[in-house]
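Naming follows writing order (A, B, C, D and E), and every chain is counted from residue 1.
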Amino acid sequence: MLNLLWLIPLAPFAGFVINGLFGKRAGKPFVTAVALLGSLTPAILGTVAAIQYRGVSPHGERWVNVVYDWITSGNIGAQVAFQLDPLSIVMLMVVTWVGFLIHVYSAGYMHDDEGYWRYFAYLNLFLSEMLVLILGSSYLLMFVGWEGVGLCSYLLIGFYYKTDYAPAAGKKAFVVNRIGDFGFLIAMFLMFAYFGSVDFGKVSQIAAVGGVTPSLLTAICLLLFLGAAGKSAQIPLYVWLPDAMAGPTPVSALIHAATMVTAGVYMVARSNVLYRLAPGAMMVVAIIGGLTALFAATIGIRQFDIKKVLAYSTVSQLGFMFIAVGVGAFTAGVFHLVTHAFFKACLFLGSGSVIHAMGGEQDIRKMGGLRDKIPQTFRTFQWATYAIAGLPLAAAFFSKDEILASAWATPYFPTVGKFVWLLGTIAAFFTALYMYRLYYLTFHGKFRGTHEQEHHLHESPPSMTVPLWILGGLSLVGGLIGIPQRNWLEGWLHPVIPHIENVHGLIEIPETTEITIAAVSTLIAILGWWIARARFKERQLEGDTWLAPGLARTLENKWYVDEIYDATVVRPLERISTFLWRGIDAVIDGLLALLGYIVAACGDLLRFLQTGNVRNYALMFFAGVVIFIWVLA
Amino acid sequence: MTLHPLIESGWMNAVLPELILSAGGMLLILWTAFAPKLKGTTAPLALIVFIVAALSENAVKGGNFFGGTYQISAITQLFDITFLLAAILATLFAREYLEREGIEGGEFYALLMWGTVGMMMMAKGLDLLIVILGLETLSICIFVLVGYHRRLPISNEASLKYFLMGAFATGFVLYGTALFYGATQSTKFEAMTRYFATADATNPLLTVAFVLLLSGLGFKLAVAPFHGWAPDVYQGAPSPVAGWLSVAPKAATLIALVRIFASMMPTFHLARWSTMVAALSVLSMVIGNAVAIAQRDLKRMLAYSGIAHVGYMLIAMLSVRDQSVAAVTVYVITYALMNIGAFGVVSMLAKNQNDPQTLDDIAGLGFRRPFYGLALTICMFSLSGLPPTAGFIAKFYVFKTAVDSGYTGIALVGILTSIVSVYYYLRVVYYLYMKEAPEGYAVPVAGMFATGALAISMVGIFVIGIFPTPLFEMAGAAAHALLP
Amino acid sequence: MIEFAIFFFFAAIAVIFALVVILHRNPVVGALSLVASFFALAVMYVLLDAPFLAALQVIVYAGAIMVLFLFVIMLLNLQHGSEPATRPVQQFLGYAGSAFFGLALVYYLVKYTVLQLPPGPFLSDARAIGVTLFEAYIFPFEMVSILLLAAIVGALLLSGRGARPEVAR
Amino acid sequence: MSHVLSLVLWLPIVTAVLLMLVPRRFAAEIKVVGLAAALIEFVVSLAIVQHFEDGVAGMQLVEAHPWIKQWGITYSLGVDGISIWLVLLTTLLTPIVFLSGWNAIAKHPKEYVISFLIMEAAMIGVFLATDLLLFYVFFELTLLPMYLVIGVWGGANRIYAAIKFFLFTIAGSLLMLLGIIYMAFLHFHDSGVWSFAVTDFYGMHYRSMTTEALLFFAFSLAFAIKVPLFPLHTWLPDAHVEAPTGGSIILAGVMLKMGTYGFLRFVLPFFPNATAKYAPWLIALSVIGVIYGALVAWVQPDMKKLVAYSSVSHLGFCVLGIFALQQTAIEGSILQMVNHGLSTGALFLLVGVIYERRHTRKLADYGGLGGVMPVYATFFIIAVLSSVGLPGLNGFVGEFLILSGSFKTQPRATILATTGVILAAIYLLWLVQKVFFGPITNEENRHVKEIAWNEIAAMVPLVVLMVWIGVHPNTFLKKMTPSVQQLLTTVQNRGGAVMLTEKAR
Amino acid sequence: MIPTSWFLILSAILFTIGVCGFLTRKNGITMFMCVELMVNAVNLTFLAYARQFHQLHGLIFVFFVMAIAAAEAAVGLAIFISLFHHRETIDVDEANLMRW
């Protein structure tokens, strides 16, 4: 199997091709079959490969399966080659299995959509690209998947292409991502120019032995992070993610919560060697992460669209992950990535189920009291909320806690670390607050929607609830893979973070700090929960009047960031372009036209020498003679 | 009877073509006089005469005759052929034109023949006397041919203008000659060569003489600023005549000029006379091309383009070397093919000849009469010097010669002006294919003769354009004969 | 020294009548004074030891050509009409240009051709000319026939019947 | 089989001449014959690939016969890694043109077919000629047919466009002609023999730097206009907008490449020092072109204009790659020439498809077509993605090679140019969104006919190649490598090296 | 004996007068007369030189020039006649159908 790694991405791609070509005529059962196969096969293959991998490299050396030479030109050599190592295996498991679950869920959720075949084709394509991303053995191949998933997210966000907001959102997503990719590309150019390769192994090797200057490394890391910020929705490029909710809910769950958006984190973790050699870059990452976490969380407390809340929470959680990788706790970052995949997927699918029940309604102001209408959804949602809020013993309790602890204890930049910890902690408080606000407004109180909505309410089919249960369960117990001090995940990922002379490896957190930090963040979380409970459980919407109206409006409008971007970037650019077209081009053409006109005018004037009067001709003749005599003689 | 030793034996077949043409002309006059009913047959007869004359070139053997005043050599024969080619094309077009206009008559062809004789004398004369005599013979014929369409006011006006200017110019030519005679004590080229080998280049009288002579001949070349007559005359003259007029006399004059320039080395350069030639060529290129843009009347446009083309030919003349002679030769032959072709198509437009034949008259012709369209298009592209037509080869040769002899600057002017020229040549193609045909008059289908003529020029253009080597060899040999 | 007197006298006549030609508005007067000028020139030819050409000058020019002129003038009866004045610009440029031209010419002639006449008489009687003409210049001489023939044909063609345009009248 | 090049060159001309003799009432037959000829031509041109030896740097399948002995001008053809794919591109696009215009061209089909066949031959000649004058002849010969195609079968404002196109190009190429003559003259002075063989001018010695610089500009101008490079690009949008679909396909697909090809084949090796000296300027222009074209494309209300300006942007990449004077970059830009031919050709083809159905190219008139003509939409989006440079499709490989290559010698310029990648996404996705997505605003769009068989037939090969180049570019790259290496050594042996060494690292 | 240059000067003057007349007169026939004047001036020059060099060549040249002049006169006057037929005048300024 290990030499057939390329089958893993290929399987879903096959699914995409088949569904894409024949899906429309073939009918739903066929499409479903193909799609589920296309997502289950890589899951199974991946698992098999993982098991075999343990056999071949017990100490976690990377296993590379070269397929063929892709681009060979000058001193640029790029292969299509897939690799396995602990990190990619973790990702592989998450992506394939969560992906499979969401495929199952989608079969139910999208059942009545006329674009059913299209949807699954895209979804399979996404899966295969995502797998390329995480299995690729070089930055270039990673970039291939990177752009590929970008494309799929574009297609899936714009899935409801007949509306006018969905395609716009899709375009926004793609373009913003491209801005990130710009950084990624330049980083790769730098690598080719100075490392002569973009293979993960070679790059980190050369970097580790000090083959290049720190400043160059910093540059590369920052550029890579620009890419990551685009993909993983960090400040200043996060704006696309909330809009991306225009896509079908399962898509939001899979792409914009569980898998794709975490690619940035994966990439930073993957490049940990480079980052550790460039602490400056790490600091930037950490601070940006912290700010994002807090910023998004604040917005989250004043949103009414159920998916928007979750979207901002995703942004915020991604911020946490970047804090982790930023402060050097790469394993913690990956850990949170995993747990987040569980509970956020669960939350999204839950919201999907709610929306399904509400007949497409997403505004929580129309909901309320759904707990007994859709009990299963309610239960799983509750668990996930508990998890994300970071309440004791659930998934995020461990992961988030480890992040904050490492932020506090980071050896790279202690003081800044404390500051980042502060940001994170406040963000954690808000997280609990807005999640429970959402929870209470949705499931408690009494129903606020219209009558036919109330009449229409129903629990979702098993194809949707089963994944909910699984993910809900995981979000409760998922944290167990990373219990402090006897951290399995850390051990598993250890080989990915090689030892470098006088550069810090894994962060050692003293037990005491660990516990204190944990206590603090738990208290904070509980506080957040308590406040939410006090305000919203009974009073429901009235509870929402607690913020100063101005602040409330600002939060509701997401700090007007979109507007600011529009005014400072988009409009001016458009104006410049119009000027270039109407102005410069016109000038160029004008000048040339003028030239032509002058020539023609000269002709027109000279032609009046031709008076038709022969004596003038004679005069011209004679003038010629006289002048020549004058000049020459 | 005994002839004076100066009259070598064999002079008879030395001037065989001239004799044939002269006799043929008289024959035609008599034929029309005595058999006026058979006007239709005159053109074929004329053709036969021309062809016979052309064939007779084989019988001619080279050498100098009449006391070294008359040279027959490769170049004169090549030019004879050129003149005859021009005459033949003109005849072919004239046939249907004259028929349509109801002015057929042997005189027309007779005058063509005598004019050709005149040109031959210009090409072969080694004595200014003979050159001038030829020039005058030619002029007289042209006066008449231009005015041949007697009913037309413009035709008459054209001949008036040409006549007055011609006479005026003759005065200058003669006076220039006289002054040279004063200097060299002879009007033979060899004498001039001998004289100028040691002449004092600073003598302004010589310069004056040169200016007078060149301006007089420049009139025949229609080179700016001596070009005033050209557009009017071309417009007024019957189209076939205009075509012939725009080519043959220029060819004859050019070769005469080459001889003259050659005999004036090195004073030609020392006294900056070449500068005058350069100035003329630049002026012609600029004025010709610039004004042509402003023309809507095809014949006037072609007239100006003709002025410009002479400018190009003069570029080559700047350096009087065998190279440049060859270049000019090639250019002249090419020009004959493409310009007479163009005028020929114009002559096919059955329109009241007194009105200008404007661009609108050929609108949509390309699809209504594909053959004309194709022919005119090819001629235009050849005139604008685009490959793979002969025009390109010719221009290329000229520019190459110029660069080769250090006149890159003037070559640059040539290039720039030909960029301009492309515009108006292109405009013709645009009218041919991209304009809707006007309602009203119908363009007649070309008859056998015109078709033949057009075919000749098209084929010629492509053959020279694609396989120029043979022509180059001929021209090279000819040039060598002229300037050993 | 008498011939100097003759020279200046007839030179003056030639020039004066030439001026009359270009200044007098009546073509008949012009033609006649041209004849006079040509006579004067004929005298010059005699002074240049070319009696034969002097004779030709009188016969061909004064006799034939100018009569032809007069004939045409009469035929088209232009003798009364005196032409209107031309555009002053043309006028001025014409005078100025030719003045410059003439002055330059004369200046250079004076400056550069101070020639000593060779001794001995210059024999150029009809016989000598005839011999040369028919020996050295036989070919041009023959070709002149073509020239004249063309001229005749042309003249006939242009002025003959049918020249009248039906449109014009 | 050594005459394969001549065969490829003359087959279309012969066909065209024969077709001239066919009376035009046989319109249908003429179209069939034309298509057949073009297809055969393509098959024959495949023989070139088959006989092409990899790993050989110099010209292959060479043919040389004296043409104009007096001046040492020869009819000499040859193909190497630089030209081979462009030839193939030409032979591929011509049948596609015929297919796409199958029903569209109602007016004068005979002349249409003939023009395109002659054009094809001329373009092939441009890429095959190894004699400077022969090259020039073909270079100019392409003008007339294109002039007619634009002028006769073009849109409302076609005359203006056609004449503009012609004058721009001729202005450049005539100056180049003078340059050619002057070079030949210099060569004659050095060696005493007239020759126009391209190789004879490699590593030539010039009297002075000024001479070389002037000649450099004489040539560069011609090619810069053809490409077109920034300030000289204004003929392109007009020509494209007015040209019929087929014309646009060929114009964008092949003719623009004649410019970039000219830079590679002539300018670089002829004037190494001047190149080294002035490369920064041309690079600056090309970068400006990249960004400028993209920005202007973004605000175009007319689909064709949008694509046209996108060409300006894409060709900017090619020129950047060329003047980076770096193996990878040059290979990249050669590949990018092909890519652009495919993707932009496809885009023009597709724009033509709806234009033919709706007779408007205004973006505003469309919207929501995705639901009406899904197959069409799919093709369009694929073409767009390839043009955006999505990995896995051809565009990415080309751009990546160019940028990563030129980054080594021209970092700043490259970074600027890379922004073009972002902008490309902006304007092309904008196009897609406006045309295919959103609610159907315009009732006429409700019943637009789905893409027809001939158009699909025309599109499929393009798509296949897009994927092929994207997935396995080595097929194409490995044939170029030796030739490009040789080219670079020619350039660097003289002065060109200076810049490289100082820039790198 | 009278020095040649005097004749030359005289002929130059006459030639100039001829030119001047040609440029300043409108009457076609008068203009043509001026041309004749120029030609005669040329003849004078030829003869002067001929005597100077004791050559017959100059004389012969004059002889031919006379022939030429005669021929021109014949054709020219014919042209004037038909011009007159066309437009009742021989004022050449009137003859400007074709211009520009």
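Brief remarks on what is shown
Heads up, the rule we're going with is that a residue touches a chain if its C-beta (ideal position, glycine included) is under 8 Å from a C-beta of that chain, and two chains touch if they have at least 3 such contacts.
Source: prediction; values computed, not measured.
Across every pairing of chains, the maximum count of C-beta contacts belongs to C-E.
Centrality by Cα centroid goes to chain D.
The mean-CA centres of subunit B and subunit D are about 43 angstrom from one another, to the nearest whole unit.
A straight line joining the Cα centres of subunit B and subunit E is 26 Å long. Once the centre of each chain is set as its mean CA position, subunit D and subunit E turn out to be 65 Å apart.
Inter-chain spacing, taken between the CA centroids of subunit A and subunit C, is 104 Å. Multi-chain contact residues of subunit C (touching two or more other chains): 86, 90, 93-94, 97-98, 101, 104-105, 108-109, 113, 136-137, 140, 144, 147, 150-151, 154, 157-158, 163, 165, 168.
Among the residues of subunit A, those in touch with two or more other chains are 596, 607, 610, 612, 614-616, 618-619, 622-623, 625, 629, 633. Within subunit B, residues 129, 133, 136, 140, 143-144, 147, 150, 153, 159-161, 164, 168, 182, 204-205, 208, 231-232, 294, 423 each touch two or more of the remaining chains.
Applying the touch criterion to all chain pairs gives A-B, A-C, A-D, A-E, B-C, B-D, B-E, C-E. Those residues of subunit A whose C-beta lies close enough to touch subunit C in the complex are 615-616, 619, 622-623, 625-626, 629-630, 633. Of all the residues in subunit B, the ones that touch subunit C in their complex are 4, 6-7, 11, 15, 18, 22, 25-26, 29, 65-67, 69-70, 107, 110-111, 114-115, 117-118, 121, 129-130, 133-134, 136-137, 140-141, 143-144, 147-148, 150-153, 159, 182, 203-205, 208, 354.
In the complex of the two chains, the subunit E residues touching subunit C come out as 1-10, 12-21, 23-27, 29-30, 32-34, 36-37, 40, 43-44, 47-48, 50-54, 56, 59-60, 62-64, 66-75, 77-82, 84-87, 90-91, 93.
In the complex of the two chains, the subunit B residues touching subunit E come out as 129, 132-133, 136, 139-140, 143-144, 147, 150, 153-154, 156-161, 163-164, 167-168, 170-171, 174-175, 177-179, 181-182, 185-187, 231-232, 235-236, 294. Across the complex, subunit B is touched by residues 596, 599-600, 602-604, 606-607, 609-610, 612, 614, 616-618, 620-621, 623-625, 628-629, 632-633 of subunit A.
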